[in-house]
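Below is a structure I'd like to ask you about.
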Amino acid sequence: MQGLSPGQAKKKPLSIDPLKMSAPLGAALVFLGMDRAVPILHGSQGCAAFAKNVLTRHFREPIPLGTTALSQETVILGAQDAVFKALDNTIRKQNPSVIGMITTALTETSGDDVEGAVIEYGVSRPGGPPVVVVHAPDFRGGLSTGYRAAVEAVVKACVPPRGDGQPWIPGQVNLIFGPGYGPGDVEEVKNMVAAMGLLPLALPDLSTSMDGHLGDGELDGLDGGTSLSDLARMSWSAYTFSFGRTAQRAGEDVAARAKGRHVNIPHLNTLDAVDDFLELLLRIGGGKVPESMRIQRDRLMDRMLDVHALFSGIRVVLAGEPDWLCMTEAAFVGMGASVVAAVAADDPKAFGYSAWWPEGDYGDLEECVARWEGCSVDLWVSNSHGARVARRTGVPFLSGGLPVWDRLGVPNEASVGYRGLWEWLARVGSRLMQREEVHPSE
Amino acid sequence: MSSGTSIEEKRKIVDEVLTVYPKKTREERAGHIGVSDPEDAGSCAVANNVKSRPGVMTIRGCAYAGSKGVVWGPVKDAIHISHGPVGCGQYSWWSRRNYYNGILGVTSFVTMQFTSDFQERDVVFGGDKKLTKMIQDLDRLFPLNKGITIQSECPIGLIGDDIEAVARETSAQIGKPVVPVRCEGFRGVSQSLGHHIANDSIRDWVLGSRDIPDEGTPYDVAVIGDYNIGGDAWSTLKIFREMGLRVVALWSGDGTMQELAHTPRAKLNLIHCYRSMNYICRHMEEKYGIPWVEYNFFGPTKIKESMRKIASYFDDKIQEQTEKVIEAYEPMMQATIEKYRPRLEGKKVMLLVGGLRPRHTIGAYEDLGMEVVATGYEFAHEDDYERTAREVQEATIIYDDPTAYELEQFASRLDIDLVGSGIKEKYVYHKMGLPFRQMHSWDYSGPYHGFDGFPVFARDMDMAINNPSWDLIQTPFES
Amino acid sequence: MQGLSPGQAKKKPLSIDPLKMSAPLGAALVFLGMDRAVPILHGSQGCAAFAKNVLTRHFREPIPLGTTALSQETVILGAQDAVFKALDNTIRKQNPSVIGMITTALTETSGDDVEGAVIEYGVSRPGGPPVVVVHAPDFRGGLSTGYRAAVEAVVKACVPPRGDGQPWIPGQVNLIFGPGYGPGDVEEVKNMVAAMGLLPLALPDLSTSMDGHLGDGELDGLDGGTSLSDLARMSWSAYTFSFGRTAQRAGEDVAARAKGRHVNIPHLNTLDAVDDFLELLLRIGGGKVPESMRIQRDRLMDRMLDVHALFSGIRVVLAGEPDWLCMTEAAFVGMGASVVAAVAADDPKAFGYSAWWPEGDYGDLEECVARWEGCSVDLWVSNSHGARVARRTGVPFLSGGLPVWDRLGVPNEASVGYRGLWEWLARVGSRLMQREEVHPSE
Amino acid sequence: MSSGTSIEEKRKIVDEVLTVYPKKTREERAGHIGVSDPEDAGSCAVANNVKSRPGVMTIRGCAYAGSKGVVWGPVKDAIHISHGPVGCGQYSWWSRRNYYNGILGVTSFVTMQFTSDFQERDVVFGGDKKLTKMIQDLDRLFPLNKGITIQSECPIGLIGDDIEAVARETSAQIGKPVVPVRCEGFRGVSQSLGHHIANDSIRDWVLGSRDIPDEGTPYDVAVIGDYNIGGDAWSTLKIFREMGLRVVALWSGDGTMQELAHTPRAKLNLIHCYRSMNYICRHMEEKYGIPWVEYNFFGPTKIKESMRKIASYFDDKIQEQTEKVIEAYEPMMQATIEKYRPRLEGKKVMLLVGGLRPRHTIGAYEDLGMEVVATGYEFAHEDDYERTAREVQEATIIYDDPTAYELEQFASRLDIDLVGSGIKEKYVYHKMGLPFRQMHSWDYSGPYHGFDGFPVFARDMDMAINNPSWDLIQTPFES
């Protein structure tokens, strides 16, 4: 894979058609995967309104995202009162189990003491739900940076160290997910773990909160996701897996609290990566790979061969969050394609990916175009914003990552595990196939 | 349709909804919610344009949204820099669907996104140098741009950057307008102040004089406050042109910097979205003596009324031509009503939108036999509520900046058939089993303005309400 | 829905770009869903080669389809020797559990006595696998006609009447599938039945034979599908369901042999049709609808609302086999779309659909085009042959039915049941969405 | 590469594979399988063109496939009626990918499908009347067609229809050729007889005389037996044109009725697919004295050899030009070989195809360093095997109409790296974990002919063999 040298990237004073999402949105995403959690963006109303807009279009779900609605005066005179009011109102209306208080560029620039305000609130109104403060200034990193800050803050706040007398619960396994895992992916991993006879505990668990369901009663969009009691029980697990490097430190922290073992899984997007993961689970669980998984594997192998000629040697351009890039690159390379350019929407070095991709401070679509100009590209995969640029430059496009609004059911799609990869191959292969079979004179 | 009893009933509903609040909040919110009563002139004049309470799920945006997202963004041949961190520009990117003609990246930049992508060092050391460099680079990369605007995000206002100085300096360098807009998100209580700030920035940095070296005609008009969402302005222009008027400027959907600058040549300013653009109309009236008239192009009743009102500012020729145009479209309007009215008659609508829509669309719904039983604004002012009073039926509930809770309560207590609001609310009402249309962006459809827009409007309301899916929202099995 | 009067249709002396597949292929399809079954087309080599070609492209699987390879002499002098040799060779090489001997236009025109030959073969070589003769002249009906003949012949040959002393097996349910159900659909129905605590027996069962898997050892494409012992056990089921009218008579026959009850399910392509089916299963099984089904239903409801505006009022043209038309029409109409023209690839009257669609003798793409000319159409759904005509006429196209070769994974797709319909909505909705969001000047 | 020992080894493998058969079958099949031996002239002359045994999974087609599918189908401006039941035309529809220029449904009909869709009553009462009506209708519906052919399906030959009479009558009516083709599927042992019948029908019903009112040139040639699969003929034409030749007719990919009729003007017939078109070349040689020469346009070695051979029929000008063309393409050919040969060197290939490919592609594989270790035909004759003997390396296994069993055995016993055959076989080999390319239709790729085709061929073989998926075909867990 090609890469700009960091020097090249840093020179740019502007970003055109950027892919980078900002940190508060990433932090909010973690709380959307927690049961009865409400994330509050500590900033002006617009911060919450805009982030809510993007998340709503992607998930096609109500997004419970609050705001401290700062105004000129509160910014100048201090925001403690706004924090108090926001917490008061949120607790009375939504009755949340946990609240995420997420800073923004505004409050980080003004140097607001949000921790102090939250502590004081707890003192003055005891008995309320835990309030997890996450620092996510828009000007530091992107979605992944905010996501990581949030998942680590949640672990610190909600996963207690395992007590000396408390044994591990046999077969219970913690799964800490990075932002590359949508609801469909989380579901797939949980299903795999459960199929191996183990008990999965996921953080965050978008598969039950943001999976798009219309249940009885609960209309506020707060139902589903990891509960506080799930988090409390995480310290009773002997094994913790984290998925994607963005979740690695959180996974390590959980394992440290449980005094158990931690394994980071960079991706589950190739057949052998899934095989290896199942081997790990086998060693933990001691059982057998069940028939259902074997059927999925047989189907995956068959499809890999059915589609291999479509992927062999094609040149792909990717743009997205670092974890997603790692996963998607593995899937393409595993099928014989080459990734000729990858642009990260957040700084890959900060997540341990420095060997592969250029710095992502300025990762934008303009860069994406610049990289492949002069070389033929068979497919461009990025979030839906890429569609317009891809169309303009004549490159076949397929949306992936976040936000995606040009296809339906995307949050439920999986690309990991035997079944996820099997579906991914059909999805991507069908897109690639559109280049075939068209008669030249038609 | 309604009656005194009905007014009482509605007041009772409002009271019931508010009882859950603590006393202080209840009193405060009561001021924001009225029930229209022809006997009581002030019944619709609810409290407005005050700060939302932190922690409520308001759907309001911020000043940046009002400037970049609404007023400035659609000006197609200028480059609008989201100055500050990446999120604001990123999240609002292409969510308003302001259509335009032109070649993207060459003569038009509407659906592109430019940001200075502030990093920590920019916050610490200031962003003026970066901004200067960026403007120079942009002008080099896109030489056909006709101007550059600086849309300030929150940190700019805090770190003491002097974007006005940068604007003056770079404008001289590139020989084009560079417009600093102080639309930091923390200013004001909603996007509304952003509209005002943006209007003022056009006034101060762009607007020209009446001495424009082009021959005007007696029929020159400017269209103000049509953002061409889904092609709205194109439907609008068609009508004015057919009436015999010459549209010299379009503010601001599919509009250009030159049109903005040359607007003072207009003999009459036609304003659709009063909330977001009244400032500039008042300014032009004061400074150049240009009169302005409000119009409403939703639904045949209001379209015809508006056309005749506008024509009355001109001579017989225009007035006769206007009648001919109305006559020509009559069969299409009738056919639309005949097709959809039987399917929509009596359906009850609840609205919560911004700008002009909470009152302007009422006529269009009524043309289809529907009733707007509750309506309100995200970010209206006193004058909006005054105007609303003239449009609503008796006993309509009117709310200002309602909370999600209030809306959900009204929706279920008023037995609503259709909710019109924004994308952020859409799926909440879906979960309640309530048909919903996005009334900011027309839900990826449009146009809704003008004669061409009405059949689209009617079809969309029909498809939302009469889809068979709504009948299936129940669970048949016991748990 | 509009329809040509039968008279109009009958006038045509020619068929241009026909959709009709011929009967032997339909008959072969049934045997492909039976374990270690080999269908043999009794005709010239080309019959088998062509049918194999079509089925291979659709399923992307080896298709075990034999031929009696008739030549000029054998046609004139009688084909008994060819039948004997074909059976000899097939039994020796493939070691099948059951053979389908399917006639073609050639052998039906020449009046060959294939029953006689098969009986004589059985007498002269006792102990071989059952040979099921299916009459499927190419000039009588289409794919559905051949399919029906085969599934009925299989029931007659392989499902014995229940003996007087033999009780029904509690919870065992027979599922007889028509040609509208691909492997993914059959799997979905079996999963539903199993989730309700019942024991499904399917005929044919493409979900285990034509699902595209690469297992150990068995490379001949004969593994998976309904076994002879499954068929034998079918007479011990109190309930038999048939899916689609093409399978109705076979279902009735199975139920008669089991002395049990039969219910025909016209389609499972709307939420309420699936609800009704589950109610029926509840009455049989007496259990509860499990949580997994509720989750699927909640997701389906949510997606229906998410996509309803895409489907509301759109005008759709369909072309395909009668059962498939019934299923697909139900799905579209259930979502508020209108089917402005439907062209049947086989005579719908012959399957009890006369009230809805015109006779299908001449159902072809030319007709499909003719019907919607002059009225705007938002979507055309038919087998892949429709793509070219749709492109020529500027109508958005989505492939469905058989054969489909322009997308991958199609045999595994489902459109029935909560989950199948949920997936179908995303598939079709995403196609419809491509009309949205494109800026007019891009 | 090979040696006498190797020949022995191969013979042993053949014997082992055949042992499972009963004696009679074993003897019969042994005649169909040889091992090439330079010492033994007859070693490749295996038994051929005899009936396949019922019940074996032969991949052969029928006479209809040979006529409609191969020879006639690509003639683009004629309408080809599949006369009989619907299946034959339906199943063969657009499976050969014969590319063409022209407007579908107006001037070209290749990718459309026309059938008389026989019903029971047609079988009972005969189809001549229907056929007559159909031809009249087609000519009315598609007035720019240049002729109509009647491709007989099985029942036609049994029910005593007189399609020749219909052809004569309707041809007179529409004033265009109507060609009856007696290609019923039961005739002959494979598609091969269909080629012959189709050739004869062109001879008898279409071919004109040498007296054509157009000035010929000394460089007029006809290209015979290129079906333009994936654009093959276009790559071929390019070379002949660059050599200075004038191609007056193309048989039959992208070809027209007029080209067929005017072929006798050619000074030389260039034949690529000998099997399917040799009949017409021999006829033109006899009747008009037109010489013919076979050529092979797969891979640079054979392309160059063929170009020089063809040039030798012409004057110095052509010969010099030919050398220039060869020289011009040399760098591209070298670059292709340098890129792919290291990835493909020593890979073992097994082929089973029809027509010319089992021998013609050997040179192309060898250009890439690959070995064709087993090859054979679906429907070849004696003369094909004679020609094959000249192309294969020592100890190559050669089989005629092999069964699926035989092929699978050879594939595993010969440690094959790549199988080239048809779509019907493709997935069988996938299940065996063996890379596979469809060598009838180029697996939706192409062209493979000529200089332009070789890089495509090389890339395709590389992507098939070197895809990482093949390494993963194993099951890691215990059952």
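A few points about this structure:
Each chain carries a letter (A, B, C and D) given by its place in the written order, and its residues are counted from 1.
We take it that contacts are C-beta pairs under 8 Å (C-beta built on N, C-alpha and C of every residue); 3 or more make two chains touch, one makes a residue touch a chain.
Since this is a predicted model, take the numbers as computed values, not measurements.
Shared contact partners of subunit A and subunit D comprise C.
Chain centres here are C-alpha means, and the one lying farthest from subunit D is B. Centre-to-centre spacing of subunit A and subunit B amounts to 34 Å, using the average Cα coordinate of each chain. Inter-chain centre distance (subunit B to subunit C, centres taken as mean C-alpha positions): 53 Å. Note: centroid distance subunit B to subunit D, computed from Cα atoms, is 66 Å. Multi-chain contact residues of subunit A (touching two or more other chains): 60, 214, 301-302, 305-306, 388, 392, 437, 439, 442.
The set of subunit B residues touching two or more other chains comprises 104, 111, 427, 430-431, 473, 475, 479. Contacts between chains form some other arrangement here, matching none of path, ring, star or all-to-all.
Which chains touch which is summed up as A-B, A-C, A-D, B-C, C-D. Only residues 97, 99-104, 108, 111, 231, 427, 430-431, 443-444, 459-460, 462-464, 466-470, 472-473, 475-479 of subunit B touch subunit C when the two sit together in their complex. Taken together, the subunit C residues at the contact with subunit B in this complex read 271-272, 275, 278-279, 282, 288-289, 294, 297, 301-302, 304-306, 308-309, 311-313, 333-336, 436-437, 439-442.
Those residues of subunit A whose C-beta lies close enough to touch subunit C in the complex are 60, 211-215, 295, 298-299, 301-303, 305-307, 388, 391-392, 405-409, 412, 422-423, 425-426, 429-430, 433-434, 437, 439, 442.
Residues of subunit B touching subunit A in their complex: 51-65, 81, 84-95, 104-105, 111-120, 122-123, 130, 133-134, 137-138, 141, 153-155, 158-159, 184-191, 403, 405, 408, 423-424, 426-428, 430-432, 473, 475, 479. Per the touch definition, subunit A reaches subunit B in the complex via residues 13-18, 20-25, 40, 43-47, 49-54, 56-57, 60-72, 74-75, 82-83, 85-90, 93, 104-106, 108-110, 137-140, 142, 214, 216, 219-221, 361-362, 385, 388, 392.
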